[in-house]
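Look at the two complexes coming up: chain A is in both, with chain B in one and chain C in the other.
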Partner chain A sequence: MPVDRQPQTVRKAVVVGGNRIPFARTGGAYTKSSNQDMLTAALDGLIARFGLQEERIGEVAAGAVLKHSRDFNLTREAVLGSALSPETPAYDLQQACATGLETVLGLANKIRLGQLDSAIAGGVDSASDAPIAVSEGLREVLLDLSRAKTLPQRLQILARLRPKDLAPDAPSTREPRTGLSMGEHQALTTAQWNISREAQDELALNSHRNLAAAYDAGFFDDLLTPYRGLTRDSNLRPDTSPEKLASLKPVFGRSLGSEATMTAGNSTPLTDGASTVLLASEDWADAHDLPKLATVLDGEAAAVDFVHGKDGLLMAPVFAVPRLLARNGLTLDDIDYFEIHEAFAGTVLSTLAAWEDEKFGRERLGLDGAFGKVDRSKLNVNGSSLAAGHPFAATGGRIVATLAKMLHEKGKAGGRPALGLVSVCAAGGQGVVALLEAYSAGTTAGDIHD
Partner chain B sequence: MTDTYARLVNHGLGRDLARKLGLPQPADLRRYRPGQPLIDGPVLVRGSGPGADRIAAALLSWGLDVRRHAVPKERLGGIVLVLDALEAPGDLEQPVLAAAPSLRDLAPGGRVVTVSRVPGGTPATAAARQGVDGLLRSLAKELRAGATGNGIVLAEDVSPTAPSALGALRFFLSGRSAFVDGQFIRVSSAEGRLPDDADAPLAGKVAVVTGAARGIGAAIARTLHRDGATVVAVDVPAAGDHLAEVANGIHGTALQLDITRDDAGQRIIDHAVHRHGRLDVVVHNAGITRDKLLVNMDQSRWGSVINVNIAAQLRINEALLASEHFRSEPRIVSVASTSGIAGNRGQTNYAASKGGVMGMVRATAPLLAQHGGSINAVAPGFIETEMTARIPFATREIARRLNSLQQGGLPGDVAEAISFLAGDSAGGISGEVLRVCGQNLVGA
Partner chain C sequence: MTSGQHLILGEMPSLSKLYVNAAATAARRRILGSHAAAVLPAVSHEVRDVRPDVENLTAYQHLLGETASDVLPAGFIHALAFPVAISVMNRDDFPLPLLGMLHLRNVIEYSRPVRFTEPLEIVARAETLRAHRAGTQVDIAVEVRAAGESAACWCGVSTYLAKGVFLPGIDKASATAAPQGFTAPDPTGLWQLGVDTGRAYAAVSGDFNPIHLSVLSARALGLRRSIAHGMYLASRALADVGSAKGDAFRWDVEFEAPVFLPARVALDISTAESVDGGWQRSDYVAWSPRSGRKHFSGSVAAL
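And then the complex of A and B:
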């Protein structure tokens, strides 16, 4: 007997809302919190906001960049510790700093294809509770020891240990193939694009001011749940000034020939935190009387050859965004909000400079000229990572939930639903970007029909 | 938060010692648990006239063991003294003295409930009716072992078996009123109805509780949920983590909201209606203290207390009264305080705000009446919370014992009273202040 198969049409995936815990500078309020603790807390806040207790969510996907080996099932364990139904499946994902955004895109696609009706995307990271591994020498000895059968064998293996083998192997943000830290890599790019110290400090200042203003206006009241006594991001400095930022000493790029411009003020600090985003089909959201803030339209990943110095480590979004917009028949001028993750002020400014560069547009992007100019009044209007901090895998969720709420509040722009662009750079020369639109019933710029 | 003394004098050696030394012996109160019988043991209904007969019939219909005459040496769960037909002070003597010997047979955690009428009529009638007030309050102070005495006062034209009269009677007889002692509930109309399921009186209702992240507010949220309501738990964003815990524990939703915002009322309505389809009950529990002697009071201490504790309630009520979503027998219950009645040194601002709550409740009652709604306040006395746990030891010990039950109440005791006033059976009770104070010796 023939079975009626579901029609293979693409439907909408909407952002219902989000929840994160305040981000804490490493060594601060969350020093004793594990990734699992923080992700569970972020989930429980989301569950409370949307009344999802004992709900079987289609799938939960999250991840962490700095991850203990014991956390092989981090997201599932967090789900089991949360108020969700224990019958909610989950998986871990890891794509460096793009982890959070990639969970959103992957789950949104499953919803669009009808595989899921509801999903929670997220990410968490703790640089405070980072895993510390034993040295390679000690690890080999321990493994050999476990395989040894006799006492003489064991003694022989132990004798191989040298004092240096006992030093632990702490995680670092160094690129394995270049040995350079992320900051040193960005310093190269910042210098290459001639980004001034003043421009970087100004971007950092705006980030703090915008984030502080958003908090004061109550913007985060339904995006954030306090955790361990923290009610705001601990990195936020509402009272910072151009003078204070200008007084900081450069920390990256000091060995370059040119002037060093990157300071602790215009770079993100190591941060602990977690974020979550509730995604759903329109029907599921309606059936649960939940809001539909924005539609996840499309996403694009890119990677660059930073190993051979062809492009800067964090410049992949420069290539991903033109491809994404072209596919959707859009230009930068069509975008109402830009959310460009501020790994470093220099990253954002180098990205904008590349897009404004005629030669780069022609030679690297294959365009007729410059890709375009980002209206700075539409950029990170409620602050970004320089002020909030950047717990690697948690940043994507923070941005998507924030942007979805902004798009919902904006509603329409020029007679069509407001559009928002997310851009997140990541280690390994990668970048993931996404396009969101204020929710409106009916067809949208990104609808694909078959 | 635990009352170590009470635990000590209720067990073993401590109990014997306390008895010999004549120390106060606070009893374990009979508190409500879902599924338990309304009251343990028979209920003696005394009083002449048709009112007593009708109440006895109602109690019988609830499956209670009802006595119209005392059986010597029989342990009684409760005594209902129906005094609704008094015409002169002399009328008190017969029914009161007839019931008196039965007080000896009242079981631990027993209940005495009077039913009388609002003072009025001829001077003699008014004297008789008002006499019940003094009688009951004194009697409540004579009861021991966790037994309480409370009264129902009927407006002139309200039947003793009006829904809210019976609702109040159920409340007083049950374990829900454990820490209510020496108090009167006035029934002013025949509005309201008894719930189909006494263990789920709020089934199908959507209730908003402000200040729900901890303490009394969290207990209110949990109790309303236990009684069948879907709860929207509201608190300031800074308390969001505790709020989420409360909401997740009761299958409710958390709304992080500063109730002093101008649009707080609208946001509460929107959340309840959009997410849960309706709004039936609003419990104004959120409150703050900023204690200081008046001579040292500053603007910020005074202003913030007035703003949070009463001005915000007024603004939210304005939005509720204007909303078409709050017109189906709506209920508002505000948390006042015995400080607002009796005063409290160092709390001029707080007592002013809580006195304000009681004034507001009285004046709002007629505005809600047209929609079959009601608004009341509950005034807690000494309640064991994180807040009172911070009071210095000696002061706390005194505050705790200074009531007829010789102990502090629990947050749940306040919540029970609020849940009762939030229910259908409280429709005929409006503009009232119910004290949950164990008959605190200070104040009214």
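And then the complex of A and C:
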């Protein structure tokens, strides 16, 4: 007998709120905390803030970039360790530094399709408690040993071990196909777009000043729970100055022909931390008497051919954003807040430079001219990764929760709900970008293409 | 805890010194004979401004299977307060020998989550000396308060047995009913405890009692092999109950057969829910899957 199926409709996915733990510089307050510890801490803070104890959430998705093999079910284990109902399903996702943002988009889409009513997106990373693998040589010997049946076989296998096999294999930010670290890749891009040292230092300075001002204004009071004695991101330097930043020696791009401009001050440090975002349908949020800060409108992923230098490693968002905005009938001028992840100051500035470049717009983006100009007063207004730090998979959740609150506070702009753009670059030449809008009942800019 | 003397210790006593002193006292009593009266010292010991070490907290949480949150696990507070409790049992006027005492039972009421950043005050005293069919038992009662608060946030009572010690003036206990036969239920969990389990818990709890550390040190005290700390076992069961237990709970454990290391321990945790589906209590029991002997049992219940 045929069953009457509900017609597939697209509904709104809203950001209810977020919670993260302060981000800590590697080797600091979270040195001994595992990814699972930090993700659970961020999750428990979210649960406490929104009264989700023993609640069965539709699905939880999170991930980590640097991941122990024992953490194969990291998110589910964090859920089991949290105050959520143990009947809450969860899955892990990994897309390098775009992990956090991709969990938001994937879950928001499930909510929009009616597959979920509530969801928690998140991410975590520890560069302190990083997994260390045994060398390939030792790994092969150990696996062969476990299959050996006789003593002579075992001895023969053990005899293959060489001293060099005992050296452990630590993770690095090196790109597998080029052997260049992420910083070295960005140094190439920074030089290619003629980004000055002064411009990079200025962006870093603004990041610290904006983040410090946001903390002072209490902006993060309902976005953060203290952990291991930290109440603020430990990388934040409210008192940094142009002079201090100018005094730092370059660390990336020193072997390039041009002047090296990237320092520890205008690059993000390795960081530990976790973030979470609560997403819901409008009905679920209303039924639980919870706020609806922003609507997740749309997202776009892009990748570039960086391996032989056609584009810079971290330039994929340069292509993703024009596609995303075109699909939604928007231009850069329509955006009220830009959240461009500061992997390096050079990444943000190269991105802006590419969008302002006539030739690049015509030849690479297929436009009539330059894509457009980002109003710098709307860029990372509450600070970003240069000041907060960047625990890889946790950055997406930090940005989405921050932006959702900003959009909610802004409300309307020019008679329509305020719009925010998120852009996150990632290893492997990838990038994920997303469009959010201040929540308002009724139609939205996102309906244009629905 | 208001009657009698109140002794404020300047700092947290050192457990290793207490154990050495206890050994010396034991030797002295063996030579000179015991003149202990059958009364407990009417004194409580207090240590103030106790600040848990966060690195030690993390190591404890990881070993016991707790998430490394900022809230102190109930068993961690027991370990934190343990030197104060032992200092009472190590007094010259304490009538029972400290070394060789068996932990029979433990009851803890944890009335609110305590964070590692809160300075704590810990008070311990001995209570209720009484007979046991195999010797004499005593309760060590401990209260933990956050500095500046009048109500305790954590109260624990540990019952210890001095086996074979019968004090004058304390009547021999009437023979209690034979222990009920135990039929193991289907397990919900299985623990593999390595031979280093005692050393690992000693490192995070500070309880380096030789009976837990190695075969040799345990043999020196008359055991055939080292045994797991009772509070290690009970704390793992508490961690297994998980976050369902909420913010305020009563946790008790009754120890029966010791767990000789290495060992496999089977565990069953059964949960009782209220009509609205909320958690009310979890009962746990652990046994040897090989012999079927019960090792310990207890419960965690909402306060």
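List of remarks:
Quick note on the criterion: the second predicted complex is superposed on the first by the 445 of 450 C-alpha atoms of A that agree within 3 Å, B and C clash if a C-alpha of one lies under 4 Å from a C-alpha of the other, contacts with A are read in each partner's own complex, and residues count from 1 in each chain.
Here is the rule we go by: contacts are C-beta pairs under 8 Å (C-beta built on N, C-alpha and C of every residue); 3 or more make two chains touch, one makes a residue touch a chain.
If you're wondering where the values come from, they're calculated on a predicted model, not measured in any experiment.
Overlaying the two complexes via chain A brings chain B and chain C into a clash.
Using the contact criterion defined above for the overlaid structures, shared-chain residue A:83 touches chain B and also reaches chain C.
Judged by the touch definition given at the top, the superposed model places A:424 against neither chain B nor chain C. Counted by residues of chain A touched, the larger count belongs to B, out of chain B and chain C. Once the two complexes are laid over each other on the shared chain, residue contacts for A:302 go to neither chain B nor chain C. Using the contact criterion defined above for the overlaid structures, shared-chain residue A:212 touches neither chain B nor chain C, since it reaches no partner. In the superposition on chain A, A:221 contacts chain B only, with no contact to chain C. In the superposition on chain A, no contact is made by A:121 with either chain B or chain C. Once the two complexes are laid over each other on the shared chain, residue contacts for A:195 go to neither chain B nor chain C. Once the two complexes are overlaid on the shared chain, A:41 sits against chain B and chain C alike. Touch criterion met: A:49 reaches chain B, while chain C stays clear of it.
Note on the superposed arrangement: chain C collides with the chain B stretch 383-391, while the other options among 203-211, 383-391 or 419-427 stay free of clashes.
On chain A, the surface touched by chain B in one complex and the surface touched by chain C in the other have residues 41, 44, 53-54, 83, 226-228 in common. Per the touch definition, chain B reaches chain A in the complex via residues 233, 237-241, 243-245, 247-248, 251-258, 261, 274-277. Against chain A, the residues of chain C that register as touching in their complex are 54-55, 58-59, 61-62, 67-70, 116-117, 242-244, 246, 278-279.
The touching residues of chain A, when paired with chain B in their complex, are 41, 44-45, 47-51, 53-54, 83, 218, 220-222, 224-228, 231, 289-291. Against chain C, the residues of chain A that register as touching in their complex are 32-34, 36-37, 40-41, 44, 53-54, 80-83, 86, 226-229.
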